[in-house]
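Below: one structure, written as structure tokens.
First chain written, first letter: the chains are A, B, C and D, and each begins at residue 1.
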Amino acid sequence: MEEALLFEIGRTDITGVDLDEPDEFEPELGSLARKDPVELAALSEPEAMRHYVRLSTKNYAIDSGLYPLGSCTMKHNPRLNEKAARLPGFGDIHPLQPLSTVPGAVDLISELGHWLMVLTGMSAVAMSPKAGAHGELCGMMAIKAAHIAAGRDPKIVLVPESAHGTNPATAALLGYQVVAVDAREDGTVDPGEVQARIAEHAGNVAAIMLTNPNTCGIFERDIIEIAAAVHEADAYFYCDGANFNAIVGKAKPGDLGVDAMHINLHKTFSTPHGGGGPGAGPVVLSDRLAPFAPLPFIRAGKDGPVLVETEAGTEGGEKPFGRMTAFHGQMGMFVRALAYMKSHGSDGLKQASEDAVLNANYVRVGLEDLMSLPFGSRWCMHEVLFDDTFLKDTGVSTLDFAKAMIDEGYHPMTMYFPLVVHGAMLIEPTESESRASLDLFVATLRDLVMSAKRGETERFSGAPYLAPRRRLDETRAARKPILKWERPAPQSVQPEAAE
Amino acid sequence: MEEALLFEIGRTDITGVDLDEPDEFEPELGSLARKDPVELAALSEPEAMRHYVRLSTKNYAIDSGLYPLGSCTMKHNPRLNEKAARLPGFGDIHPLQPLSTVPGAVDLISELGHWLMVLTGMSAVAMSPKAGAHGELCGMMAIKAAHIAAGRDPKIVLVPESAHGTNPATAALLGYQVVAVDAREDGTVDPGEVQARIAEHAGNVAAIMLTNPNTCGIFERDIIEIAAAVHEADAYFYCDGANFNAIVGKAKPGDLGVDAMHINLHKTFSTPHGGGGPGAGPVVLSDRLAPFAPLPFIRAGKDGPVLVETEAGTEGGEKPFGRMTAFHGQMGMFVRALAYMKSHGSDGLKQASEDAVLNANYVRVGLEDLMSLPFGSRWCMHEVLFDDTFLKDTGVSTLDFAKAMIDEGYHPMTMYFPLVVHGAMLIEPTESESRASLDLFVATLRDLVMSAKRGETERFSGAPYLAPRRRLDETRAARKPILKWERPAPQSVQPEAAE
Amino acid sequence: MRYLPLSDSDRADMLARVGVSSVDEIFSDIPEKARIDGLVDLPRRQGEMAVERDLGRMAARNIPASSVPFFVGAGAYKHHVPATVDHLIQRSEFLTSYTPYQPEITQGTLQYLFEFQTQVAELTGMDVANASMYDGSTGTAEAVLMAHRVTRRNKAVLSGGLHPQYRAVVEGLSGLAGDAVESLPADPTGTEDILSRIDDETSCVVVQSPSFYGELIDLKPIADKAHQHGALLIAVFTEVVSLGLVESPGAQGADIVVGEGQSIGNPLTFGGPYVGLFATKQKYIRQMPGRLCGETVDAEGKRGFVLTLSTREQHIRRDKATSNICTNSGLCCLAFTIHMTLLGGTGLSRLARINHANAVKLKKLLAAVPGVEVLNRAYFNEFTLRLPKPAHDVVEALVAKGILGGVPVSRLEPGIAGLENLLVVASTEVNTDEDRAAFAAALKEVLA
Amino acid sequence: MRYLPLSDSDRADMLARVGVSSVDEIFSDIPEKARIDGLVDLPRRQGEMAVERDLGRMAARNIPASSVPFFVGAGAYKHHVPATVDHLIQRSEFLTSYTPYQPEITQGTLQYLFEFQTQVAELTGMDVANASMYDGSTGTAEAVLMAHRVTRRNKAVLSGGLHPQYRAVVEGLSGLAGDAVESLPADPTGTEDILSRIDDETSCVVVQSPSFYGELIDLKPIADKAHQHGALLIAVFTEVVSLGLVESPGAQGADIVVGEGQSIGNPLTFGGPYVGLFATKQKYIRQMPGRLCGETVDAEGKRGFVLTLSTREQHIRRDKATSNICTNSGLCCLAFTIHMTLLGGTGLSRLARINHANAVKLKKLLAAVPGVEVLNRAYFNEFTLRLPKPAHDVVEALVAKGILGGVPVSRLEPGIAGLENLLVVASTEVNTDEDRAAFAAALKEVLA
């Protein structure tokens, strides 16, 4: 069913919130009172309910089906966590009410930080970054601050081609020059290559940014050597933690030589993605970077954790580089993540990583005879990467293949990423899927592959057929962007009952 | 998308609730310990979430669209009410915890009772009935108890043909013989007819059960005369309050001569219908019936309301006929109803009745030229009744017409009720619909009527085409009822990948 | 008003379209002397914030079960319900849907009812279950009426272990419907002689196990005796969790099983809405009250579900119906079914063991308090204490110490000698060792 | 474990299918010395009830805003949010969906983002808005970077009325990114001379109105001066409700408008997640950071929405992107949009008038307390008091009296002479006459 925009069904002369006008009073707005009314339509409560319920039905969600979006980690979002985040003691407290009135909130952030540090084997954690990319920024800012504090300011950051786009974007934002590191045949980074790049830019390398497990779904087996080479060059190892969910309880980044790593709480610890946010991206830091953690941070005090909010509160060793955001970070997400971690416990978190990896490999072996693995038949971690070799000469592209999945009731996998693989399809089932669900998914993909190979191109080129919309014209959207609804010009009266 | 039964996707060897086995202990179950395991499949939390979310998408709801089910009153269910009912002080209190620990609960019931009494102009209210039909039973039991207390036990109950099925069923349950009262040409009850029936069964009439506004959507204009005739015969006037929502704030049943009337909180005061329940059916009582209100009841005490739970707590005038249910009634519904009433207030409740009636008449005038009104073009109250005259010779039945509405995105209206009208279609839009929503509904129905008249029978006979299911075989279901899932016999192994 | 989409200009336009000058014209069928002039004497509309505060203040005057050591049972039980349950039942498509009269667009409701019926049948050990009654007490009264229809007799025998309010519901309805009910005296120890009350005029025997006093009753001999005399055994329970650990009533020979399903999926909510479970043997289904959901196929041969056997029901059968019931407990069934689905048989049995273990621990602690006697021999998660003073006073004294310590039998059976000092105490999975220790210590002080 | 569907037998079967004897084989790429043997040193799994209790205990140690007279603002505001909002954002299809990369099956998300962008553009008086930033503070830092891209200059001037933590975010990023920031000293009275700081090297002027101290700032002269010098005016707000009553920044000449949207639809939640609003002029859209949703048509010509202009973004443009932002505040946008939809322009303006009226009432009461001076001339729902003693101590003394009475400026600007005694006080629609009277009375006592 079609659903118009709220501006088309709403009216500007009504409101769906019952408020009484205040008694007469003398406004004290100076000369700045608004002159024109706010021209925004309202809906009454029943209309608003229906409008948004109907809109929601046009969305796919993890609660509706398998959502194998590689690198995005669409796993089950427990409702216990939603309930906990809405406790008045968490949801209804102000970031600047006196600290004496929020000891439980400070405790919660402190306890979550403890879990993150223990799981990663790191010395400190900056809790305030608002999302993964913000965490990257925070980590790289700490690295830059540390260099500057040491009287250096190297200008190069090494980034493999397979990296998330946020990595080079983050480095560039801080004025770094990005130098690519080529991958080996098997999709992993060669320590020799890293050393070569370091040598090429001797004395001018600030950091390497590496994802591990990498975006091809493979654990970087030489990571300790790479870290050593980087450290040898007085540079830092920034680890993109987007894939940390594969190895929680199996390995600690701190033991691998990582200096800073953000943790996407919405990936690894299951805070809901909410249509693209909010996220939360705490950054764990090594001993060397710990002093530069931004404000605010929590220090262990003799009567419990102490929230340090300003430079004035710092002690000798603490040299915060500044502040990532107002207030203390994504408290709502912290509550959810801690509820998730406590529910799993050390045993459950490890099991979850193992199940995620097992599920990905189960999908791999179910499909590898029909689809093509760019790096050969080998174990993957929590996600399995296929390329489009298997579609060669079928007339079906990766995009077509993905869109055809929609008609089968699935959200497509991540497409065309990582860039290092042609026509990439990155599948991450996560630990939330049952074996029966994976079996059906594999059978469906096998059917699609066979269909493509049989030359049934229409099934793909026109897909999706069964979604709320057919394929959308993205070029048109970008060519002359329409970014908001415009009130129709008043003169253009609609002809009555035009058919 | 198809969704299997939970028993087909679940497993009996898992559980979706984490519970630790208790430490070793000596059971004290005597000889009655269960010998066999409970053979019920479980789903893990992510599977359960998906299973029920998917099932939900196969339902139509008031939040999805207009739901014009006449007499059922599908109006907006405010979420404030859901929130209030879940306050721990309401949702997490036990019916038998000491009364000293629940004064707010007693207050709430008392306050709701006060609103109901004021709105109906009645002297007492029995709060405990669990739903409308249960309220009917309660009211009729009070009537029977009153007769018995007066040393009489008349055996006849008068019920018009247009009554809800619950009316005769209730009367029969108490051993009453049901005598029909025929309607006038215009669908209302003639006081003369009532007097005639009373005369026929002189001295043996216990009560009349009447719905007002009646199920044809018409206000019984002679109701005061009818009540007088009934009272004259030492009988009582039971009013079915299913349609009270049409006249809240416009007239008080107490002023019309009613002795007892249930109020469907889920119709008039918007507690959600929840797929068929729970409801709540408090019964307001006249002076004459008030002493017979069942236990428990609330009495005004000097320190606030007093909950009287047993005969031992009664005072002189109170002669409760017994108890309708354990505990105190549908507290969860009481909270929602009171939240709704307080939100509307005396002004809003009246406005809601007016809007409900206006909306029904707006639909009537939008359709009366094309559809057929059994009682001619006259005002209706909150619902408008059409018959199937307009479908004559089209080959389209009321059922077909209703099913075709499903393909247009609407829930059908009430069909084949009331029985007094051939091929009845009873449309109740409620006050929750906007004018734009009604315009679209009317336009859609006009299109369907024209289509039927054009002889496009396939659009109707095969409908619905676009629902989760096509028409279901009800005969087959009743002939050999399958009322639960049976585990497939173990020997019947499914042939592998049979196609 | 936020719930009303019509604006004043809408109203004016629509009135014109309807052809009246004011809405009151449409109401002119109301006798003039009964028309309300102005507004009824009740407060005016309030915004959401004001209503929320009003109700919040009322709620704050009550003591929630979760906030104190809590041992109140006697027909309603405090259990932990997973957050998933309440989330799912609030899905618009479940919450704001009506009775599934149009099966093509209500398969969601119908399928969960079918799942519910299957779960209830398995738990009770019966052939079939209906799609719920209002609650256990009204279900019990309906069971008695059903037994009367089946046996064409009208004399019911009620055990003295039946919940007193259930008994009152049965007696009230049967009394006014002209049936006979023989209620045995209160039976705190489960030792009444009910067998001798069964004769060839008996329609049914109604026995609760665990009883109101917590005692587990062996139903087999009662079933045998009833069947010898052509009567039915109606087995009642108020604590459905017990079925995870106790032999099912079906396995013990019951003909109709009826009980309260609140413990699974549903909050306490001061007594309602709850969900009545109702199951029986295949041969009696056409005498069953309430809705039934059945499997069938659609026009394309796909499996689907419908309400079925509705010729038993009031909207078809009118005064010949098996019951006047119309509304059921749909959303509470859904809560039950989801919670039960999460538990599965494995989880339910484990939950039941935890409940029983906690009750055993509590019994030991309380039995050691001087002056306290435990009356039960076999029990599940609830038992009865004989105290050296009136239980009502003890409970009030415990409230003052921040403990909700059970239900005095005298609250439900007032003025009966020998019952004043009895206290029914329940312990579920929500109770901790600390809770139990606090209860025992407080009881000791109160009785000292 | 309740979140993991695989049973042990599933795992065994699947490992066999994968061709390994244990799952650890699959993890063998992890260097041996880094593999964790056994479990990390953290507690084991807990059932839902235990976790709920743990977190419940922590939550119970905090004082919720709704439980006391509450006047804390300074960048986050306590407002009443209709229950409809929280209900709707918890719809599975909204809550558990990802970024709408597949527009065919995410029109729900895309359409509300389009509605959100339209609302934000209208409220701010700008041509276009993006689909949100993390919050107001990070949005402000992004706005400064955007101004640098637009003007190809790198010197920003920050008003002394800018929220100190917003200032810190801008300074931190700009400092490490190699840009220059000139921050004016704290300006409690809104009387700083910012015009003189604008010159031909200035990329942008960042001015907050209402300021951190609550003062309404006339942006027009600043916009004029900035434009004369080829600089941009970045207008910041932390209280979006003010836009219902105060001239929009767009109407006053702002080039970029950035602010915090928490007040509409979103709870306080100790500071996050919130929703950054970001709007600008049409001509700058290709320099804008963050996601944008645009209208288009599908293959059948039906209107639909897509993420657009993504060549600005990191996942396409990588190191040439306008920002590194990836995740946004999707669900908070939705909350904002729903609440704003319920309000409409009419409701927002009324809400704003109530807020202002309450602040005016409060100001009068507090100004009458001996020793208290109000610094503001023009304000919306927040103002600054000069107290006769350190504000920090006063606030703590008020806590002891059960009142949360505002934010001491020294908490955010410690150790600066002249600011220790300043208190920023906010009053919204949630405050009652009783709240305000209690505050004034308590303040009087504390200062006596």
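The rule we apply is simple: a residue touches a chain if its C-beta (ideal position, glycine included) is under 8 Å from a C-beta of that chain, and two chains touch if they have at least 3 such contacts.
Note that the structure is a prediction, hence the values are computed from the model and not measured.
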item	value
Selected pair, greater C-beta contact count between A-C and A-D	A-D
Whole-Å separation of chain centres (CA-atom averages), chain C against chain D	47
Interchain centroid distance [CA atoms averaged], chain B/chain C, Å	19
Length of the line joining the C-alpha centres of chain A and chain C, rounded to whole Å	46
Multi-chain contact residues (two or more partners), chain D	1-5, 45-48, 52, 82-84, 86-87, 90-92, 342, 429
Touching two or more other chains - residues of chain A	11, 13-20, 43-47, 49, 53, 57, 61, 63-64, 76, 78-80, 82-83, 343, 432-434, 437
Chain contact topology (line, ring, star, complete or other)	complete
Contact footprint of chain A on chain B as seen in their complex	1, 9, 18, 44-47, 49-50, 53-54, 57, 61, 63-65, 75-76, 78-79, 343, 409, 432-434, 436-437
Complex interface listing, chain A residues touching chain C	11, 13-20, 43-47, 49, 53, 78-80, 82-83
Contacting residues of chain C [partner chain D, same complex]	2, 48-49, 52, 80, 82-83, 87, 90-92, 342, 429-430
Sites on chain C touched by chain A in the complex	1-5, 7, 9, 45-48, 82-84, 86-87, 92
